[in-house]
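The structures come next, written out as structure tokens.
Common to both upcoming complexes is chain A, partnered first by chain B, then by chain C.
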Partner chain A sequence: MKFLDRVNHGLDYFLSKDINNFIIGEDLLDPYGGAFKATKNLSKKYPSQIIGTPISESSFVGLAIGMTFSKNNVVVEIMFSDFLAIISDMLINTASKINLINNDLMQGKLFIRTPNGGRRGYGPIHSQSLEKIFFGFSEIKLISLNRAVDPYETYKKIFSDQYKSKINLILETKIDYPKKMITDQDFEKNGFKKNFIEIGLGITELYNQETKNDKSDFLFLCYGGMLEETLNAATKLFIEEELTSKILLPHQINPIEDQLINEIHSNKFDKLIVVEENTVDNSWGSLILSKLLKTQKNTNLSLDDIILLGSSTELISANIEKENNNLINSEKIFESLVNLK
Partner chain B sequence: MKEIKVPSITANEDVVKLSEKIIIKKDTLIKKDEVICILESSKTSFEFLSPDEGYVHYLYNEGDELKIGETFLLISEKQLDDKFLTGLIKDNKPSYEQKISKKAKFLLTKHNIDINKIKKNGIINSQDVLAYVENKNFTKKIFQSNPENYSDLETVMKKNYKKTVDMKDIENLKDQLSYSQKKYQEKWNRFIPPFDVLFDRWKNAENYGFGNNSNISSMSYVIGDVKIGKNCFIGPFTILDGSGGLEIGDNTSVAAGVHIYSHDTISRSLSGGKFPISHSKVIIGSNCFIGPSAVVTLGVKIGNSCFIGANSVLTFDLNDKQAASGNPCEIIGTVEIGKNGVTIKK
Partner chain C sequence: MFSVEKFAEKVFKIRFFEESLENLFQDQKIFGTFHRCIGQEAVAVAFTLNLDNEKDFVVSNHRNHGHYLAFKEKYQSLYDELRGKDNGVSFGNGGSQVLMQNNFFSNGILGTTISIATGIAMGFKLKKLNNMVVCFLGDGALGPGITYESFNLASLYKLPILFVIENNGIAQTTLLKDSLAGDINKRLDAFGIKIHDTVGDDIDGMIKLGYNLISEIKSQNGPQAVHVKLNRLCAHSKGDDFNNNKIFNKINDPIDNLEKKIDKKTFNQIREKSKKFIDNFVKSFYK
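For the complex of A and B:
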């Protein structure tokens, strides 16, 4: 069961649900089926519901926002998340304001989905993680899919009538597409057990078999494609030094839900580690940190116990080896932590 | 025969997918530059053309991931035998590798333990190895222990007690109990339930405060104030009810399944709770024999050297050397202790 196939299945479900559901974006039509094949075979199956667009992200996101005025639900594929910068005006200045200014003008929902992150050697403007642009805008819900939870199931929740958020930005890590979902057995081979906390879109909890109820050395917080790097680092920390870890992996990364902060406070650990592919400054980690600072009076958590890990601020190279130097990875996470204990 | 390797179809990708095989009929010779399969990267599809004329043999299945540079096709001048190809067809399922922590590896070497002896679905850590060593020593200790002293097992079990129990612990416990049962059988020619193997009968009696050299099965219920003298035998499945007081002298045998009650709930039950539970002390003398499954009711006083037959329900007192049996119970004679043996004289 590959991640990409499950995304494709989720989009198929979306189109089958209502004739007024649309997917728009560049190169989506068959036989190409999208740059990463997420919409493969869908234009054959739902020819009137998939709209191919010219290379003009801002315009077609504007079109999608307009379509929601007439009760249409629209999924927009942005070919690379680097182009989120182009559509940020549409999302921040238009979509997130329009309902407040014009009395719930958006009758339908907007779902922007985009392949995110690097590790493919695509260079400086096709490898970034720019979701930080939208942190702090409470009307824009940021969701990051991961390989621990079937994206089809997550998309079913997102596309359900019960899900009320009007403006949604969904990150799919591009290197996850060809990979298989990580099963419970896969986690167990690495010494981890999985638990899914049913809060909102859900938080995945992974913990060393030895530490379910005890204190762990590290509590990791990460999302999306960082799962693999964090899991590898946590596994290595256990193999090398028998240092135990718990990983919290939320689907919703903005706004940060109170339940996620409560989960952090309810766990026993020595160090809290926030890992993201973003650069560390002005990051998800800093957003988490600000939330924790507001609530830390109830806990013994000290700033010395919190470590934010992310990528370098240097230009991401198109050379795969140099790119590896730019981006955070499991080795860097391991090296940052192994000598702390 | 030519080995065809997986080409790099986009920069920086080390794997591609065998998206589709173009099935070519058996015994059909394909020409150079004919499409023979479709490879897919994360961003593009690629029609792979035959680099030569010949017969095509796929080594992977559709949907498999192929590493750049590995052989995935054979093109031969002649059709190849199926048996020959069978050995070449690749299985790209990942092989399972047991992960072991460094500390665990160190301990495995130190204690000269074969890793395959430790089964775990996860990473084997130092605690797993130490538990194995402790368990091995435990088993060794049991093997070396004096089978007469079964309480040793209890002591070691207590030491090995862990908060969490997994199936491995249970399997180990079962093995150890089975072993002890065998040793017990060798010693006494009895195969008995694990409880009586686990807990030494004489130790039980000592724990209850019974007299010297008395013994009692672990399969007995001892309730309330029970006083038992020395050299007594209390068999399995017995109930010794001392809630109203129970005293047994020396050298008395209480056979399997005997119930001795110093209380009853007859009045309370029949009156719908109007009357309380009845209590009355039972006193049994020395040198008595109470047969299997007999019942002695509350308040009964039994003298010395008395005999009570199997399945009797004794509701009245017996003087010294009286024999009683049956339900309803009757005096059947007196106990005669002669030079050559013991008889019941009617």
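For the complex of A and C:
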């Protein structure tokens, strides 16, 4: 089953769950079914619950916020995550302030989902990873789906009544859409075992099969589409250099959960590597780093042991070769680490 | 049932509330910033008069005291909000501009409030509730693009919403003639939103228009708008600009027009009663 199909199933589940659940956004209606087809066939099945909008991202996010006042839950599709810059005002100056001032006003929940990242040759304004805008706003929950965990199952958790967060921004890596889920067998072929830590929305743990409880050379932290690049780099480091790795892949990337920090502290490793498609400055890595600094006194972790890897600050070019040069990838991760030992 | 005396009492109370803030600020009893609506009170009263104050919704902007007090009449809550107390409208955290309580919402990021108003109206429509939204905006909010996106959504989805454009001819210190091209009414007209003209001292006209539009919007789907010309008879904020802001010379202080409609003795009684009502709140600041 492809990643996109599982996202579609998750959205189908959302609409089937309650007649007061709505999906709004641009070009969602059938037969088109959304720019990446995430809502395909859903407007046929739930015609009153999918609302097509004009190209007006700010106002239809405002519309969705207002709709929650009367106990509607609303999924908003933002066609490309680059447009998060457009809606940031609505999330930061309106939705988050409502939640902080009078949490009772939004009686329903807001879920903004968006295709994220590059590697499709879409050029400078359809390829970015702008989630950094929202780092540090504790009431805006950022969730990044990945191919190690069925997005349908993750969406079921996010759409459950037990899930309380009212402002949610969900990143789906666009190059993951046509790909199949990565199975346990796939991981094993790469020499990795998978464990799922059931805390919050969950953290996926991947480790070289021989090293579950041993000290590893590297502890990787990454999210979303960086799983594939990190896994490939870690596999190569093991096969070619006999360097061992563990990978922690959380669903929730903002605010940073204490459990993730606890996991870092409870692991034995030589170097902590944070990998993201974002640029390194003002990054998820710096968010992790600030959390670690607060808890550093409990561990022997030193700043020298932490490496932040991300993409270049150069333009993400529509020229696919230049784009590849600017974005972080498995080769760059490998090259950054192979000579450290 | 409404009476002109009751209308005048509401206007007076709001006027005295707004006037009380100047001394309270100077005496450091309240802090931060505020934007008063002196001269604009009658509009707030007229276009909230026939709303259901439990089920309908009012959305406002930074110049919101009149809208809140006309609709909710919770003077203690607003005073408490301005002094940052826990039992204020927004639990003492929003201050003057950001009032968020049950069915009243205001924010000072102009234009964004209009999209929230459309969403609230959309929620009412989807739930098939016979409720509506009155959304107040000033001429300054005709600048941001989200205003027009929201007009488009309101008309496209045929939402139960009344936009009340309070045109005082000045945004902070910039005159409307220096900031707005074209014609306000034609802008609304272009979105298929019927717009009605009135002026802020026409008490009877505004009451009638408010009553008719609220009834119409509740019985038929679709937004409508009112363009009210009026004068802001005070500074933008706490006296940090020119005080002589009477832009529309032919429009009176609405209180002057109310005086003509009520016999002198009753008018004076209403004024004294309203003044006393506000003075009691003010005294509590000095205890």
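Worth pointing out:
The rule is simple: the second predicted complex is superposed on the first by the 339 of 341 C-alpha atoms of A that agree within 3 Å, B and C clash if a C-alpha of one lies under 4 Å from a C-alpha of the other, contacts with A are read in each partner's own complex, and residues count from 1 in each chain.
Here, a contact is a pair of C-beta atoms (placed from the backbone, for glycine too) under 8 Å apart; a residue touches a chain by one contact, two chains touch by 3 or more.
Predicted model, so just to flag it, every value in this text is computed and none were measured.
After superposition onto chain A, the modelled positions of chain B and chain C are compatible, with room for both.
Looking at the shared chain after the overlay, A:281 reaches neither chain B nor chain C. Contacts of A:214 after superposition on the shared chain: neither chain B nor chain C is touched. By the touch criterion stated above, A:56 is placed in contact with chain C alone, chain B being left untouched. Angle at chain A between chain B and chain C, computed from CA centres in the superposed arrangement: 150 degrees, to the nearest 10.
Using the contact criterion defined above for the overlaid structures, shared-chain residue A:314 touches neither chain B nor chain C, since it reaches no partner. Of the two partner chains placed by superposition, A:335 touches none, neither chain B nor chain C. By the touch criterion defined above, A:64 lies against chain C but remains apart from chain B after alignment on the C-alpha atoms of chain A. Contact with chain C, but none with chain B, is seen for A:101 once the two complexes are overlaid on the shared chain. By the touch criterion defined above, A:120 lies against chain B but remains apart from chain C after alignment on the C-alpha atoms of chain A. For the three-chain overlay built from the shared chain A, the minimum Cα spacing from chain B to chain C equals 26 Å. Contact residues of chain C toward chain A in the complex are 57, 90-91, 93-94, 98, 100-101, 105, 107, 109, 112, 114-124, 126-127, 129, 145-146, 149-150, 152-153, 156-157. Those residues of chain A whose C-beta lies close enough to touch chain C in the complex are 20, 22, 51, 53-54, 56, 58-72, 89-90, 93-94, 97-98, 100-102, 105. Across the interface of their complex, chain B is touched by residues 35-37, 120-122, 174-175, 177-178, 188-192, 209-210, 235, 238-242, 318, 320 of chain A.
By the touch rule above, chain B contacts chain A in their complex via residues 11-13, 15, 17, 40, 42-43, 65, 96, 99-103, 121-123, 125-127.
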